[in-house]
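Each chain carries a letter (A, B, C and D) given by its place in the written order, and its residues are counted from 1.
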Amino acid sequence: MTVESTAARTPRRSAGTTGTKSTAGKRAPAKKISATAKNAPGGDPELVQLLTPEGKRVKSAAYDKYVAGITPDELRGLYRDMVLTRRFDAEATALQRQGELGLWASLLGQEAAQIGSGRATREDDYVFPTYREHGVAWCRGVDPTNLLGMFRGVNNGGWDPNSNNFHLYTIVIGAQTLHATGYAMGVAMDGADSAVIAYFGDGASSQGDVAESFTFSAVYNAPVVFFCQNNQWAISEPTEKQTRVPLYQRAQGYGFPGVRVDGNDVLACLAVTKWALERARSGEGPTLVEAYTYRMGAHTTSDDPTKYRADEEREAWEAKDPILRLRRHLEASNHTDEGFFAELEAESEALGRRVREAVRAMPDPDHFAIFENVYADGHALVDEERAQFAAYQASFADAEGGN
Amino acid sequence: MAETMTSKSLPLAKAINESLRRALETDPKVLVMGEDVGKLGGVFRVTDGLQKDFGESRVIDTPLAESGIVGTAIGLALRGYRPVVEIQFDGFVFPAYDQIVTQLAKMHARSLGKVKLPVVVRIPYGGGIGAVEHHSESPEALFAHVSGLKVVSPSNASDAYWMMQQAIQSDDPVIFFEPKRRYWDKGEVNTEAIPGPLHKARIVREGTDLTLVAYGPMVKLCQEAADAAAEEGKSLEVLDLRSVSPLDFDSVQASVERTRRLVVVHEASVFFGSGAEIAARITERCFYHLEAPVLRVGGYHAPYPPARLEEEYLPSLDRVLDAVDRSLAY
Amino acid sequence: MTVESTAARTPRRSAGTTGTKSTAGKRAPAKKISATAKNAPGGDPELVQLLTPEGKRVKSAAYDKYVAGITPDELRGLYRDMVLTRRFDAEATALQRQGELGLWASLLGQEAAQIGSGRATREDDYVFPTYREHGVAWCRGVDPTNLLGMFRGVNNGGWDPNSNNFHLYTIVIGAQTLHATGYAMGVAMDGADSAVIAYFGDGASSQGDVAESFTFSAVYNAPVVFFCQNNQWAISEPTEKQTRVPLYQRAQGYGFPGVRVDGNDVLACLAVTKWALERARSGEGPTLVEAYTYRMGAHTTSDDPTKYRADEEREAWEAKDPILRLRRHLEASNHTDEGFFAELEAESEALGRRVREAVRAMPDPDHFAIFENVYADGHALVDEERAQFAAYQASFADAEGGN
Amino acid sequence: MAETMTSKSLPLAKAINESLRRALETDPKVLVMGEDVGKLGGVFRVTDGLQKDFGESRVIDTPLAESGIVGTAIGLALRGYRPVVEIQFDGFVFPAYDQIVTQLAKMHARSLGKVKLPVVVRIPYGGGIGAVEHHSESPEALFAHVSGLKVVSPSNASDAYWMMQQAIQSDDPVIFFEPKRRYWDKGEVNTEAIPGPLHKARIVREGTDLTLVAYGPMVKLCQEAADAAAEEGKSLEVLDLRSVSPLDFDSVQASVERTRRLVVVHEASVFFGSGAEIAARITERCFYHLEAPVLRVGGYHAPYPPARLEEEYLPSLDRVLDAVDRSLAY
């Protein structure tokens, strides 16, 4: 049994998608930029929510339409995505403990933010992640085992960004928001109606690069969505060390709307991101989405959160668990049965096994990989050093042969 | 050289301008971006007239933020564009240093070769124009040390024209240092001549007693020094490196094996400058050939001084000749 | 006749000023930071104005109190400051044309923004300028001839920042806003009730450093005023290349108020800056003031604005001239007479003469200055290079002596 | 060394911790600031417990913005404070590079000596800990080339303790590179011994056949190499530079005049690295003494590789010994 992301995608990067729900094609002519940032639809809601922690569907005049046609099958799909992502994440954490990975950055608790936003993207959209967007990668159809290479230390990014329009993980905080903006400028120049989404954290909001990406995207009216997962912590620092007002408000001073969404509500994340992506497509420029969520685990496997935060905080957030919430909703709506959960459990197990096996089978890179891909067009010094390295390596073989 | 239909005498700045124009004409993916590059045509007029002819979406005035300029250029390159980015002055490249070092330089390797970033970063550099602080620096060593980048610097109009063509065609990021004090120096440019490789040094003048190595603005000074030395009966070979990374050690070595003496000249501070790398490697390659240690002439370990002191700070004819004499005295 | 700034100040940098209007002393305990940025008093005025271009005093419920006690003498003082600053500036421009300066960055048109805000500062406040704050320097009592050293090329900043609490000119756009923020953090730590003011331009608003200074000042509630002179141009780029909404709005997303003031109205600039400085002193943290003004001249003497902007724009702004406006007001209020203007004219002439003479007399620095002050505690290599330089220099003397 | 009341065995990281503690106790103007330095005590626990004991206004958790950290530290220094700034990892110093190069390094000179900026920038650096990208780099050359900065790197706990004391006391900005892979190595620290000068090299081991020069994490490797060579009857002198700028060329020269051979070892890329400067200058100073060219062992001109390749990338015992053999073969 192989397990694949529900929507494994064919590689493509240009516009004119055949994606099911897209009305792909030429970009709408950019609307005149309004002099003041319009707020998100429905005024300035402090927190957009479509599902309560108890799984109750609440109405939203502004956002309901973005999930109006959603089928039970699609809801189960979202549930499945979250469960499998969490399973993958847990497996990776375990693999780190077993020494198979050097490090792991868990997304535990952020499944709804990532699956909701990830599923809102269209095939021809382009995603710029941080180092934690395993759930978004899943939605984009990136084979999850590919994500593990950099954490195992066999590469610095093990997939072709253009195969799934999912850029490599970026570790330097905030840097990718500018890449996303530039990419989006290019999309607009091409006249395509694709959109771009850039992920970043609450901590990242302090980086100058993020501010500059706001400026560039606003000035060029670039079709980009800034998706900030405010998981309350930047390693040991609470969000108050980065801002004294809610982060979504940051956008307005740059001339585009910001909205805060319940980041543990997959439906709300899906709806709000769809809204923001549609703005981008229709020439209305950038949007900031702040997904209000929680990093349930450590920052990475190297981190020890007991040093800086209390258990009670975690417990309070557990009650808002994104997976539990959708499960309650599915059950209350009679959209699921025993079989569904049993099948999903088996699928999870299979995924775990596949990941485990794939990681263990991952070979160490060839030594000469050091010298590969430093330059696209070559570089004399790299060639020289590679040759020296080869001679040096060979000298051991000689010495051993000579013994 | 006889002036042909395709050969003309151009100031170095204008040669770059025409090279950019040609690139914009030839390849719709080429973009020019930076502060004031549009209507104004850049503070040195290197991009003069380009926005008028190619429009605001090909020749882009950017917000005043260097990290943003390079960062969005990376994104544009990821989308298939070939941005040529202008940093207004040498001293203003540092806000973009993070994007250059951690992203531009490394993304090709990070992606195991999947991603190419054909971005040219143009930087007018060097002193000698009587400018205020931050407008006269030579930070090339800070880029050459970083793998993934190529670093070049033309010394004359023809090289400026052709090296820009080649830099734009390169699939690697190229830091293109323009010798601003030579912007107005005219030179013959043949726009049809097939150029040599981008990273190959060129013997500007042959000589037998000592090799002078330089690049960018210092090549002319070395030629003058060779002239002056010739009057004293000394035959100096002058080598224009053209490229700092990769650095054409083979050509330097070949020259030094003949002349047995080497003096390196650059405007940047000597300490940890290009001269150090050249001295170290050439000494290793030519240990038994060298009659004297490789000597270096460059800036001092001090901030680039105010304009009224720059003559003392910069390598001068006398300082080069002094080093030549010291080398020959071994 | 010597001409000095009206308020030449004794050097001092700590709190507890004896300045006339200050209620100096210990800092008020920082108020609890409110969760949302309060707007400037009087709601969200698009442009605070106290004097119309015709010189008519208009009422402002919010800001009148900050200039309520202003005397005719003080009004004449502001006028004098502006006239002398403009005279100084014109002289510097002329000196550049004559080859005495290598470059000059004229403040023409921005006199009100600079004198108004500069006069709002207290002796113990600290100012972080760009390269164009000649009027603020004047208010701080910096000898104007000191400003010319860097433009002549004899130094990179010719005054002791701590003598007048006026930092050196900073050329790297935006960098000084972080210095100001750090300084203000220090003021707060000291428990002093001084304030800090950071100047920057509309172009600078795009720099990541400026955004980071907003973040730091907000998070630490630092007593700093960000004074942005929006003179409509960053060299050749109009403000639309930096933002698509008014710049003062930028502050709100960082959690502090922003206000736009008529930058050609010296009274309004004085009042608004006083308000902002008082906020800082009383523990209310940072404020952004956008002074809406116009760069009447070229960016610097190296620039040719005819390349990128139309004469009509300049002409429209000439009608709003800051000096003319105050003159009309003074005349309408019968605060001045012929004698005042005549005396000021003479004073201007004297200032011009003094500046001219001082610049021409400015000696070139000693060659060894290259090696001075590179390090406070010395550096072996600098010593070695200085010695080599000395020997090299001496070799010419020897050679000449030998001839 | 006998353990006295004031002498104790400490891991290098803890030695820095105690040095910071002492500085915070002694001078109320000393501040510690950076990302996660407070409650967490830093990702390497170097600032462990300091915020608890000195409070949030002396040990400051900052927003996640390196330019902001260094820029505000400059402002605090202008106000009379002595900030010790932590950059979390080597690869994250670049967003602060502009503030360091254009402001921190130059303000003293810019002010004609009126302003002093006693700021220490702590950077855990180097590889060998199996980390992900950006966490294993050695960018010291990028700071040494910049005048106005001092650049040091301790190799052991005692130096870590004392050099930090001296760096904080220095009125100049000091870039303090901490060899992160030696953080857990224990060493004897005498907290009352009067240390030597901050910028003086130290002979770690005397020898007669060849000099090995290193600093920071590579000193230990060179000691091991000297041990191994001794078994083969070769006597290597090991010099710990301790300071990269200023660089104690006198001590290197004195050693090389005796041993006549020099190998420089560092983790950073060889191209434009410290070894280049040392080779160039020592060759100039010891031209007639050197029996072999100065050889360099260091990283390749390639991005620091993923963890599973770092052993091949980093200087190793064998690579050092190989260079020793090559040098001795001349």
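Here is the rule we use: contacts are C-beta pairs under 8 Å (C-beta built on N, C-alpha and C of every residue); 3 or more make two chains touch, one makes a residue touch a chain.
Note that the structure is predicted; figures quoted are calculated from it, not measured.
Comparing chain pairs A-B and A-D by the number of C-beta pairs in contact, the larger count belongs to A-B.
Averaging C-alpha coordinates per chain and comparing to chain B, the farthest chain turns out to be A. With centres defined as mean CA coordinates, chain C is found 45 Å away from chain A. The distance from the centre of chain C to the centre of chain D, each centre being the mean of the chain's C-alpha atoms, comes to 40 Å.
If you average the Cα atoms of chain A and of chain D, the two centres end up 37 Å apart. In chain B, the residues that reach two or more other chains under the touch definition are 62-63, 65, 67-68, 91, 94-95, 98, 102, 106, 109-110, 133-134, 147-148, 245, 271, 300-303. Contacts with at least two other chains are made by residues 155-156, 172, 206-209, 212, 215, 219, 241-242, 374, 379, 381-382 of chain C.
Residues 102-103, 149-156, 171-173, 203-204, 206-209, 234-237, 241-242, 302-303, 307-308, 364-365, 367, 369-371, 374, 379, 381-382, 385, 389, 392, 395-396 of chain A touch chain D in their complex. Residues of chain B touching chain A in their complex: 57, 62-63, 65, 67-68, 70-81, 95, 98-99, 102-103, 106-116, 147-148, 150, 170-172, 199, 245-250. Within the complex, the chain A residues that touch chain B are 155-162, 167-168, 170, 172, 175, 177-187, 189-190, 208-209, 212-213, 215-216, 219, 372-377, 379-382.
Those residues of chain C that touch chain A in the complex are listed here as 33, 35-37, 205-212, 215, 218-219, 221, 240-245, 249-255, 258.
Of all residues in chain B, those touching chain D in their complex are 67, 91, 94-95, 97-98, 101-102, 105-106, 109-110, 133-134, 141-142, 144-145, 147-148, 245, 268-269, 271-277, 279-281, 283-284, 287, 292-296, 300-303, 330.
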